[in-house]
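Reviewing the structure listed below.
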Amino acid sequence: MIPAIARDRPIPMSRTVRKARGTAFILLAILATSLGMVALAALLLDVLRDGIGVLSLEFINSFPHYQAEKAGAKSALAGTLWVMSLTAVFAMVAGVGAAIYLEEFAVRNWFTRIVEININNLAGVPSVVYGLLGLAIFVYWMGLGRSVLAGALTLALLILPIIVVAAREGLRSVPPTIREAAMALGSTRWQAVRFQVLPAAMPTILTGFILALARAVGETAPLIAIGAFTTVLFVPTTPTDSFTVLPVQIYSWISKPLPEFRENAAAGIIVLLVVLMLMNAVAITLRNIYSRRSRW
Amino acid sequence: MANLIAEYSRNRRLRQRMREAPILAFLFMCALASIGTTVGIVIVLLEGALQFFREVPVFEFLTGTEWTPLFSNKQFGVLPLLSATVVISFAALAIAVPVGLLTAVYLSEYAPEGVRSIVKPVLEVLAGIPTVVLGYFAISFINPTIIKPLFSTETPFTALGAAMAMGVMLIPMVASLSEDAMRAVPASLREGAYAVGSDRFQVSVKVVVPAALSGIVAAALLALARAVGETMIVTIAAGSIANFSANPLEPMQTMTAYIAQVVFGDTERGGVEYQSVFAVGLLLFIFTLSINMLAQAVLARFREIYD
Amino acid sequence: MVTENFLNLPQTTTAEAAVEPARDATPESVIDVRELQAYYGENRALKDISLSLYSRRVSAIIGPSGCGKSTLVRCLNRMHEMSSGGHVKGEVLYQGENIYGAGVDPVELRSRIGMVFQKPNPFPKSIFENVAFGLKVNGISGNTSERVERSLRRAALWDEVKDRLKQSALQLSGGQQQRLCIARALAVEPEVILMDEPCSALDPMATLAVEELIRELSQEVTIIIVTHNMQQAARVSHHTAFLMMDQDKAGYLVEYGPTSEVFTNPKSEHTEAYITGRFS
């Protein structure tokens, strides 16, 4: 039987307390949210203040120099372009290949499980450890030396997990009916993937790919580890040339004792951030084009 | 007639399969590459570390409190590097976890769509800032304009300066992962809480946050792994002195910063100093891997509840 | 509109007769809905709803899907405004006071008008914490365990869970979870409980248990239940409101009266068509 009803309805807490607490909390949350944005603004202003005076076409077009005012980022910019082009090719081919295998061909078994767990864990390996890997394997063991090629291979391994994850997501978003339709017309599984699924998934894959590449452009530690030189007085012409990249050049300027080089570092940072902004703009444009197209 | 067609298609299929076999093999190799990377990392680190441990006993390495590889009297006790890593990582988390979590609560439970559409991209930009830039920010802004006046420190390099820059780096990560976890909390739970007379604060703090807790814990763990493995900020801003101290106002050298310092210089290959990098790298790898696997396990439990 | 013939209400269904003890002959209305219009953004979901819901009675709201049944109950404790773009015009008087009036705090209102949802939605916490949650958020301290026990007893769940109050509520069966949600609503001693298709996710046995519970509870609290199951409405309710969707897709009230009349002698041909299963 039901116990007798409690007519002593409890009195809830006062509305003022509720209101005050709610307001205090929302203010705190807004404060926290703005903290990240304030930090970003402070960082950008700080870098602009220090570097804008040095930044010029001449800065972009000069080689490093022992005198701060004559030093420039030409070889670093060229090195970044070189390394990134090769990294892009290696990482794209291997990343998309692995994704196609896992998503379109592999039977779910212990092997794919291990590959998946492995990819998750690789994404958490510190980048400097990849540098040690590159140093031991590419630089010494394979004898590539401190070359563009060794740097590109190291960075490709670093961003491989990110690209595999993005590419798998892209492939998964293509509905199975597309594959069935292609195979019903007599194409093989590979033909269905090559001519129907992959093109349909490409915008998503490319967006993830560019964001991963942007990550590689900003990486410093692994390239320091494989020994990107800090004073490179030429533009690399083959993949076996030695090189430096923007972040390493910036680091080298930061670590110089003379304060004038700080301004060079800041100017180099501005150049680096502009490069990253352009890459992000491309990724966002791709994403928008994709989402404007009708979804499945 | 029927036989002919069967024969034709059999031949055609065979040719196709022959043509596609190398492609499949190649795709398989690509999938194998990720395993190869892991195996490569483990072998490289183990090999270097084993050579190092032939010179320096493991026990001495793990318990020594002096790290002086550049002095004539070389000491390889990793504790100063380890303590620096711990101090800086946790100081960074002490900033990033509360700020990131509050940001996530605000974005998930309070912010109007318009505000969200501004804050989210800004946080993404912040997440994309290269760490060398954050290191610069630490020594050119955080140290001179925040830490120096506040604590009247003398040195241009402090563990705290590096930790604050690292905190800034981790805020977007904690915020976005925690927000994802909170958004995965079903709306029915919020409704259930509102229906018994909760206000928005109570729904956020007493229902949504506890329900998303394992996702939030995983976010903090992933941030910790990032912090432990972060190299450039500490290399630039925390100084290059191995210092067995818990005082964040002093300069310190972390495990990652030591690795960067040695490989940046022209260290002779094969020397004990060169090998020490792999021993420290192995320790670093073990730490980050354990933290990551723990985070994955926590995350898997979280998905189990709501999928 | 129905107060006149309410006095000589014949209680025909046997189940009701069983739980109908001597009680006040004149039911008083607790909630008066007046000219209520509910919107989702620009779209009107309900139009011109006016009806009075009676104290310590079970009122059922029935009608074809999409007719705004759920929206109507969600307007009664101001949950409707939690949906995106949700807003209302018109008045809902609760004990004579307009709940959409200027000084009314929806949070306070909801602690007096409880709600149970379509799918059981226990918090991923222990059974005890689930029931105690409403007490906690309303700042009610003292004899919590007593109140929890009483609520669980009233929800006819106590005997099944008394030995495992610390266990996660998610381990309970669907029917038990729903009764737990009812206990959770009861803990803050609401005067009214809104139930939005509380049995739609339950199996027949669990449904029976919840229906039994509804009849018992109706002796002390006012219950308003949305259901798409007409047999259920007939079994548990004293009054029935029938809603339908108009050409402009807004729901309107077709008929409201004692359940026995609505089911045996409907005034509207639409109602008759619906209850005889000619559309759904």
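For reference, chains read A, B and C in written order, and residue numbers begin at 1 within each chain.
As a working rule, contacts are C-beta pairs under 8 Å (C-beta built on N, C-alpha and C of every residue); 3 or more make two chains touch, one makes a residue touch a chain.
Source: prediction; values computed, not measured.
Colleague: Determine the shape of the graph in which chains are vertices and touching pairs are edges (line, ring, star, complete, other).
Modeller: Chain contacts: complete, every pair touches.
Colleague: Pick out whichever of the two, A-B or A-C, is joined by more C-beta pairs in contact.
Modeller: A-B
Colleague: Once you find the CA centre of chain A and the CA centre of chain C, what distance in Å lies between them?
Modeller: Their C-alpha centroids are separated by 53 Å.
Colleague: Which whole number of Å gives the spacing of the CA centres of chain A and chain B?
Modeller: For chain A versus chain B, the centre distance works out to 14 Å.
Colleague: Which positions in chain B touch two or more other chains at once?
Modeller: As it turns out, chain B has residues touching two or more other chains at 197, 199.
Colleague: So which stretches of chain C touch two or more other chains?
Modeller: 107-108, 111, 138, 188
Colleague: Quick one: which residues in chain A touch 2 or more of the other chains?
Modeller: 12, 18 - these are the residues of chain A that touch more than one other chain.
Colleague: Report the residues of chain A in contact with chain C in the complex, numbered from low to high.
Modeller: Checking each residue of chain A against chain C gives 2-3, 5-6, 9-13, 15, 17-18.
Colleague: Where on chain C is chain B touching in the complex?
Modeller: 77, 79, 82, 107-112, 114-117, 119, 121-125, 133-134, 136-138, 170, 181, 184-185, 187-188
Colleague: Could you pull out which chain C residues touch chain A in their complex?
Modeller: So the residues of chain C in touch with chain A come to 105, 107-108, 111, 135, 138-140, 147, 150, 153-154, 188-189, 191, 216-217, 219-220.
Colleague: Quick one: in the complex, what on chain B touches chain C?
Modeller: Interface residues on chain B, with respect to chain C: 186, 188-199, 202, 206-207, 210-211, 305.
Colleague: For the complex, give me every residue of chain B touching chain A.
Modeller: Result: residues 16-17, 20, 23-24, 26-31, 33-35, 37-38, 40-41, 44-45, 47-48, 98-100, 102-103, 105-107, 110-111, 119, 122-123, 125-126, 128-137, 139-141, 168, 171-172, 175, 197, 199-201, 204-205, 222, 225-226, 228-232, 235-236, 256, 259-260, 263-264, 269, 277-278, 281, 284-285, 288-289, 291-293, 295-296 of chain B touch chain A.
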